[in-house]
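Every chain is named by a letter (A, B and C) in the order it is written, and numbering of its residues begins at 1.
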Amino acid sequence: MRRFKVFKSLVRDSLDTITQGSRKYHLWMAALTFMMLVGMYCYSIQLDEGLSVTGMTDRVSWGLYISNFTFLVGVAAAAVMLVMPTYVLKDIDFKQAVLIGEGLAVAALVMCLAFVIADMGGPSVLWHMIPEIGVFNFPNSMLTWDVLVLNGYLFINITIPLYILFRHYQGKEAKSKVYIPGAFISVFWAVAIHLVTAFLYQGLQARPFWNNALLGPRFLASAFAAGPALIILVLAVIRSSTSFKIQDKTIKKIAMVVTVAAQINLIMLISELFKEFYAPTHHSESAYYLFFGLHGKDALLPWIWTAIPLNILATVILTFHKLRNNFKVLYFACFILFIAIWIEKGFGLIVPGFIPGPYGKIAEYIPTGIEIGVTLGIWALGAFVFTILAKTAIGIEIGKLRYKK
Amino acid sequence: MSSDNKKWFSLNIGRKNQETSSSCSCGKQSGGCGGHDHEEIKHIEERKDGFEQVFDVKMNRRSAFKQLAASLAIGAGAVSTSCSMFSDDESKEKAQIDWEEQFKGNYKLMTDEEKKATVDRLVRSYQLRTGKTISMSSKNAEENVLFGYAFNISKCQGYMDCVSACVEENNQDRNSQMQYIRIHEMKDGNGFNFNESDDNYYHEVPAEGHFYMGTQCFHCDNPPCVNVCPVQATWREDDGLVVVDYDWCVGCRYCMAACPYDGRRFNWSKPEVPEEEINKNQHYLGNRLRKKGVMEKCTFCVQRSRAGKNPACVEACPTGARIFGNLLDPNSTIRWVLENKKVFRLREDLGTEPKFWYFMD
Amino acid sequence: MNNHSIHRVVCISFIVLLFFSCKHGDGEYHGVTDKIKAKSENYHGTSLSSEPYLEGVETIEITEGEHSFLIPERKSQIKSFACTECHSKPLSQLQSKDGKKAHWDIKLHHANENTMNCVTCHDGNDMNNLKSLTGNSIDFNNSYNLCNQCHTKQFEDWKGGAHGKRIGGWAPPRASMTCVNCHNPHKPHFETRWPARFNTQIIKERE
């Protein structure tokens, strides 16, 4: 009963916190709300007319939505890069960053689920996917695995921070006996969500571009580069706009994680390119299409040739200690790395998987305005969710929010 | 729907195997043993129909699920029709049908009575909406039948009569010009080089120096599309047909990505067929009218093949290049082709085991 | 040490179990060919028949080698059968100027002039029947016996069912078109023509 009262008060207090803020904060939230409304409007058009308002066709049947979904699963998984040292290895440095990281994971997962729902042809019958009520094709369909692990991960990432914040809110220390097992599970779980998502593509013998054993590991490497890179950027913003203290040491340690992951990612990229282009087979056509265009069709060239140089540049910058320890340069490197991986793992992975089609036919994919609208709306939703979570968490952590008896 | 006659895995958290309420003394699932009078069958239908099929668990959970379902319905908008002022019996009936259709179970798991009930509802719904009567079948797979198909590459002249017949038979969307069959025009001397083939030619055929090869759904015996479906909305029937329950499909298009043969089509917008062109001889798993946002595919014209007829493409082909039949009948023509001609299948290395063979004279 | 190995065995067997429980739902057969072989061993027919779809088509049953099947009856389909209704006199008399012109539209495009002319198949002395190369009489209904003198390979395929279109349905009894149902004997090749459809949406999609 008491706990319930505390919880009620926590909700009330956090509602107060998120509705109050500087002018900049209000502008930011208003912009996000506007974008969400635009996204909802676009989605209503899509619901009404069907998915024909998107750029997808029978040839390229997954597009911007699934690209973003794939990328964001990686971002969500990356929260573990902060959880592991903090809770499991007891590294104090990460303690402040970890709540932000988990908030980011929650926001990313919300976006993932929203993207999947946006991609569905029949959202009104989604209950068919609920285990027990519908028919859940487990374990045959990797998609059902994905549903399970994503929702499980969402649950873990909500409960652990909630518990810690709930304790701190009451001015008590969080009991490590309670959250350490959860943290342990989440470490494995994060790897699982990303591997399972990779298996979603990897398990399709029909798509040789995806059907390679390196896809899973590469997913992990790129996720552990892009996710923490985003966390660094977010921490930078939080550092400059709130009184929440984040030490330089923390950011430097996260930067180290980003560096190693980016390097591994680059090695895997080289290995993949070698395999596709040194001894090209019939199965290398998708890669040819992606990097050089096929039969005069080259819609993806600008994308991938933006991504590759950015990726290399970022990795080089991060590799040199001098450059990496200069925060301005670090932020820049993180930003371009984030963009590069977003392209590489979104557009650069999903679309060429469908091109050329099973019988060598090429229909190119260009997202439509409505699709982009929905996508931006969902990103705004993610940013919105994250802002709310981060603001509450920071409020509690710096002691502004406390339970008054 | 006791879980021991399921041939697949499903999560079974907290649900005990329970005696099927509709089974009778002879041990068969409902309705099979005779002795039921009409009343009783109807009673079973009422009890186990529609979405109750999936909610047929312990009572307390069942009511909870019902509430959940009702709240979902609000989201689905189905409730808006059923809650509106009932102007007359017809709209009330329509609302009732819509409601039951929205929450019916997966066709694959239905008993024969439930299959019949949903088919009756669909026929009635069409009648209420258009005033016209269609006939829809829910005929199950025949015993001792496994359908197979052979395509004679030497015979095909590229006329595309099969494509036309297929579209007309199967009520495919006219706006997007959906077609299940593709005829690939290949250059002599290039072998089976799909990259240099043209599947959308328009010139006099057969063109000099070319040959023709048709593709469609191959009804694989080990279909990758079936494995990946998260809700079992697509499956392989006992007679080998790979079918889709259009009402159960959630439209995730995973099956489309998994198919190595371009056998599947998606309804990107609401499919439209002019009323006078609608083929009214339908099957639930076959050519009944689809809605937007669901998958569909070639079913070897299940409405025809399960009645002993040839699929529309076979019947339309003027050259006899298409051969269809029962693979289990040792005297069937398809078996003779498989045993006496040099047959091959596309991408056999993928292990999909298509039931669609190619051969040459 | 023992504990350790037991642990390992349990782990490995669990993983193996996991792998085998996936996917291999019906691994009874190695492939569809094995499945066909096994399942058709005790084949005992189906309840389906294509007889209803053959109504209105007059057929005759033929037996060639080990194959027995129906083909459409031919004579009733020939417009001016029986031929002797006109061909009451020998040809030389009919070809004289006062006779009515007939068959003027028939031009032979079948093999070359060296190989074939009218009397390769038709019998000037017995117009109601065809004749084999050796002069034996062949009934119009069984005209395939005329074709198979040269087209032996096609004949084999036709008997088995690889050549020649089925009528009715796939279900027994088998009824197949005979040679002349698809091939005009005077001009047996298929004509070129325009395809039945052209898909403009695909063009748009691939632009």
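Here is the rule we use: contacts are C-beta pairs under 8 Å (C-beta built on N, C-alpha and C of every residue); 3 or more make two chains touch, one makes a residue touch a chain.
For reference, the UniProt names are A = Molybdopterin-containing oxidoreductase family membrane subunit; C = Cytochrome c7-like protein.
A quick note: this is a predicted structure, and the numbers were derived from the prediction, not measured.
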Measuring centre to centre with C-alpha atoms, which chain is farthest from chain C? A
Of all chains shown, smallest offset between own Cα centre and global Cα centre goes to B
Distance between chain A and chain C based on Cα centroids, please, to the nearest Å. 59
Rounded to the nearest Å, the gap between Cα centres of chain B and chain C is 29
Can you check how far apart chain A and chain B are, centre to centre, with Cα atoms defining each centre and the answer in Å? 37
Multi-chain contacts only, two chains or more: what residues does chain B have there? 8-9, 176, 199, 227
Hey, what residues on chain A touch two or more of the other chains? 57-58, 139-140, 361
Can you tell me which residues of chain C touch two or more of the remaining chains? 21, 23, 25
Touching residues of chain C toward chain A in the complex: what are they? 21-23, 25, 205-206
Touching chain B in the complex: which residues of chain C? 21, 23, 25-26, 31-32, 35-36, 39-40, 43-50, 52-53, 153-154, 157, 160-166, 168-172, 174, 176-177, 182, 190, 192-203
Provide the residue numbers of chain B that touch chain C in the complex, in ascending order. 7-9, 142-146, 148, 150, 152, 155, 157-161, 163-164, 167, 176-177, 179, 183, 199-206, 221, 227, 304-310, 314, 317-320, 323-338, 340-341, 353-355, 359, 361
Where on chain B does chain A make contact in their complex? 8-11, 13, 15, 54-55, 57, 65, 68-69, 72, 75-78, 102, 105-106, 108-109, 176, 182, 184, 194-197, 199, 215, 224, 227-233, 247-254, 256-262, 264-270, 292-295, 350-352
In the complex with chain C, residue positions of chain A that touch it: 57-59, 139-140, 361-363
